[in-house]
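Here's the structure we're looking at; comments come further down.
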């Protein structure tokens, strides 16, 4: 069993990248061209730091750190360095150092190089957190941060529309996956009761038996697949190559896209023991592997070839993890390293070619081996590893792959076939990359100057490493110290890994030979096949997932436009209709179906003639207001309504109300007359049908309000009229007054009145401001007119002031 | 009488709603006025309707027979607030007419057009 | 088009109406009336004066800028509520009554002060609206669009 | 130490007195500016003290006029109210500072500062009201101040927007007033604590009918679907400072009121009311999200997002678990800060870029990196990206939703957050990334005092967003306490009826 040791180094190590990213702007100003070298010291130091942890981890320790962050939500800064995490941390930091050095030259003189460093450092730090997080939500946070960093890095050339689109696409695809992942993680923690990967792993039975297993699995796979560009989400990755070469190297081949693979590995022991997992992960991986390989050899843009071959490699990795056997996991770990080494080198090398010649199309390149010897060396080493030739590390990876496939209990032939085909196509792609630009007759495009040391250092180092590690594969350093702990972190238990270049005459060796033969064969004829294949591919693509994305996005935009047009058409009467309809539906529905009026409980005051007459006058006046064509008559009728109400107040014991109503009504009428007589006549805008329809709505609203009134009167919950009694009985002794209403207004509820007069004051200020603004506007217009008096016609209407400038 | 009050309340609301849904600015403001009256009458009918017994405390009055003073106080506040809002709205409409030059609400859709 | 009757009547009406408005203000605590109605009556007086003699004249008789009246009125109202917390340590707007009563006014207390604030505010509000409307620029000229 | 009975009224009195002083110094603009800013700063101090008091001693109530509840007017503040008050204080100061540079001379001369203070007063009063009619009155003062602020300056688009804003909000007031009246008719009281007790014995159907009335009335203010249309019509028309304070506070007062009445008063028929709230929440999210996607105008995108995010807050209420309510509260706080800041940033963007139209903007990532960075902080927070404030709010809500097995709303919430991300990226790409369109050549404004006044509040709010994200535990803890207080109506009743002091006077 593993032994957990708290390691105080971890937190500073993991946060150092963020810290450094903050001072980059200052550094770039200070160090100028040396910034890259300086910044590269950090990943280098971290790389060394992680190397020192290798022995401890290999001996069965796991290093941890745990600092509470948001414990209420089970989110903590808890980290675990086990074999799997450490393995990726080494890749992340090692590649990081090389990429930063490379970029310092690749982007030399670019005005935004500082921003590049900032984002790349944020990315690196997030990636480290991602692979070393023990807390599932911490992983998620880092996961999202890498997506964001990727967005900015893909869109580094942000004024190009293509970059903008690619960046958005990558963000939306991985972002959607991220949301699914979040839901899946929340579900996973809910089922297992913990957010620590270590503990979740211990509860795998609980999860497998949970009814929520399948949705959780599906959600998490969505997240992992979209991040690692698996079919059908793969399309964002080739487009992401719009970013500069260091970004493609680092994020989109060596590290970020491996996050999904990492996560699958991390969760394999927890979720992987089901046939659903096996089928889903393996199938998706296999499809992606084949698809990537198939697409890659048809391309002529070197970066595209690399992009699709990366897809293929990612598919292979996912396939291997889906298989889940010990051997498969061992292969996955090793192949991850193999791929990072050769693909990283190739991306950088292609970047150099692009940088120096301005061309990436193999058809326009040739004979570069003489002019770019270092780049040639790098590409040679990398492609040989990619083709799986001994003694490169790639050879060992491929042998293991076949060994894994052949040893499978199920589908052995099928998967061996898939891998064989994939690898053959990889060989072809490798040959295209190596032969066409570097050999043959020199073409028009040629390097403009000597390749800088910073540029070729990375690819040559990586290619050399691919060779060196292949040669050293049989030593303990690789198998026992690196691969074995990683595999055992996934598969659990102690295991031994022995790698060797020579296994004797095995079926695997035969398959390797076959791979090479097939690959070379296809390379020989690939130029003739290409046009046809491209046509076919274009036809298929019309139905492919990238189009789905386009349709989804277009559909969304159209839906949004249509919906907004419908609901936000600018016409107030529709807005009012929505409000009224909602009221009728919610309030009316509830009243009718859940409340009702208790007719028998209504206490009715007997009718009297004067009141009836008054009511008749009031209703008649309302009728006039609604029907009349003249606005002055309408205003007068409205006044009659108001005065009738005042009389009601008199009749029903409310003298204060009556006085106020009279006064206010008079004021309102005066205001109406003063203001409205300058407005146009009542115009009849709407058709008869509209009016009828509005009338129906209005009647329903009236019925509803009348119903509510009666409903209220039919309920007698009130402790009789406790408040009224209190006011009536306390007014004299406690408030020293006799007019209860007035005492309520100035004392019991004087606070309301204070606010009320504030409302009034604000309204008056509003009236004043509205009217005065006209004076201001007119003054301005007059000033403008005198200013342009000489010109017969002002060309432009003068804009009103927008904001204070 | 309660039924009559309910009828009045309902009619006022119906008329108010009908008027604010016209396209004419002037009708809109008249509709708002009607709605204000409607709410006040609604609150008024929430107190028991008492005839001729205003809540004024004079010698020898039967305290139990007085009208509920609280709805009255509430309506007073509501009337005043309603007046403030209405005064503002009236002038606002006038300013809209001055600046836009139309009385037709359906013409006032510039702010809702996506740009 | 000032009518002689209106101008003559207003000369006597203004002081009378103002007096009546103050009367309404003071009696509000016991009988129908109060600061609000009082304020409206007072504004009506000023408005009538304005119709008779022109708005500048009304503004002159008013003595204060309506905005100032609003401010002072609100300040009076809120100060009446602040007496209790500041002087007696009681919650905001707790009423305080004088022990002795003054002829014709009855007992003095913070509610009266409050109502005076209401009265002043209402005058300010009404006059601000009326004066602004009366002094508005004509419709003839076009504003900038 | 200020006694609590005075402390509770101060968030109302400070802006009120400031507003009055601003009215009295009407013609001295510089004095007004000093008064207004001082008042805003004081309000923040007062609300912070109040928050700290309530955080330590629990909910507090005070009876205005010393009249025993339920006869007088009660002011009540629990932790939720205190949080909202602090938000009002914070925004009051930030936007108040910004307005010094943003509001032109004409608007200052027409009373911007008094109106601004009265608006703050109305907002604070609404948060403190413990009486349903008093709440109505606060709503009105807030509303009328917002009417005037919206129309102030009388530009054509302002007036057009104002017509819709005024009409629909007056509708809301009419419904609110009717509902308050009927509530009095049914239960015979206005004091919310008293009502909470009385409504327990009322017929459930009647109470639910009332609940729906309040939902419609407050729903209009909160801009719930399909009652939201006034918001996108109006919020983009006034000066930025006005948009910003509106977006930060006004709709949230509506949400606050909904939360208040649905946790205190209308808890009888929860299955029914929660289902309706849940449906409205989902529709609101989607509508706002779609609206934002369809727009190409900086402030209109932001306006539609106000709506969409109200949906999340209502979702938290509808789920009605402590965690969900805590999530809603956290969401409100996060959203107030981030959204206001985005509006302020939109103003600066217009200031340096000359337009709110995304098609006419561009190149600001290169020319104004600080501004672009500040935008990113708020925009990414709004989209719920970790580790910024919005992520924690979203995570809490999603967790609560999954625990309550409300999968549909969780799915909707997640999808809409994608729409948010999309529209924020749209702004980013168009206004900041894209090259500057050639037709607009503007010299950059100088880095004078105007620059400082604009950027200082934006930086302050951005810092708050970051702090909210990194210190999420503290804020979540507070939100959970607040949620537990909300879910315990008897605490409210006890606080209101237990604090009467001094007997008869």
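Letters are used for the chains, namely A, B, C and D, taken in the order the chains are written, and counting of residues starts over at 1 for each.
By definition in this document, a contact is a pair of C-beta atoms (placed from the backbone, for glycine too) under 8 Å apart; a residue touches a chain by one contact, two chains touch by 3 or more.
All values derive from a computational prediction rather than experimental measurement.
If you take chain A and chain B together, the chains in touch with both are C, D. Between B-C and A-D, more C-beta contact pairs join the chains of A-D. Taking each chain's centre as the average of its CA atoms, chain A and chain D sit 26 Å apart. Distance between chain A and chain C, defined via averaged C-alpha coordinates, is recorded as 60 Å. Each chain gets a centre from the mean of its Cα atoms; for chain B and chain D, those two points are 28 Å apart. Touching two or more other chains at once are residues 16, 23, 64-65, 133, 137, 140, 144, 147-148, 151, 154, 156, 163-164, 167, 171, 178, 181-182, 185, 190, 232-233, 294-295, 505 of chain D. Multi-chain contact residues, meaning those touching two or more other chains, occur in chain A at positions 561, 564, 568, 570, 572, 576, 655-656, 660, 664, 667, 671, 675, 678, 705, 708-709, 712-713, 721, 723, 727, 738-739, 745, 747, 749-753, 756-768, 770-774, 777, 800.
Residue positions of chain B touching 2 or more other chains, listed in rising order: 20, 25, 28, 38, 42, 45-46, 54, 56, 70, 76-77, 80-81, 84-85, 87-88, 91-93, 95, 98-99, 105, 108-112, 114.
Taken as a contact graph, the chains are fully connected, with every chain touching every other chain. On the side of chain C, the complex with chain A involves touching residues 28-37, 40-41, 66-67, 70, 73-74, 77-78, 81, 92-93, 95, 97, 107, 109, 111, 114-115, 117-118, 121-122, 124-126, 128-129, 132-133, 136-137, 139, 141-145.
Interface residues of chain D, counted against chain B in their complex, comprise 133, 137, 140, 143-144, 147-148, 151, 154, 156-157, 159-164, 166-167, 170-171, 173-174, 177-178, 180-182, 184-185, 190, 232-234, 236-237, 294-297, 300, 357, 359. Against chain A, in their complex, chain B makes its touches with residues 1-15, 17-30, 33-34, 37-38, 40-42, 44-58, 63, 66-70, 72-73, 75-77, 79-81, 83-88, 90-95, 97-98, 103-106, 108-114. In the complex of the two chains, the chain D residues touching chain C come out as 3, 5-6, 9, 13, 16-17, 20-21, 23-24, 26, 62-66, 156, 502, 505. Of all the residues in chain A, the ones that touch chain B in their complex are 561, 564, 568-573, 576-577, 580, 602-608, 611-612, 615, 618-619, 622, 625-626, 631, 634-635, 638, 641-642, 645, 648-649, 651-657, 660-661, 664, 667-668, 671-672, 675-676, 678-680, 682-683, 685-686, 694-695, 697-699, 701-710, 712-713, 721, 723-724, 727-729, 731-732, 738-741, 744-745, 749, 752-753, 756-757, 759-760, 762-764, 766-767, 770-771, 773-774.
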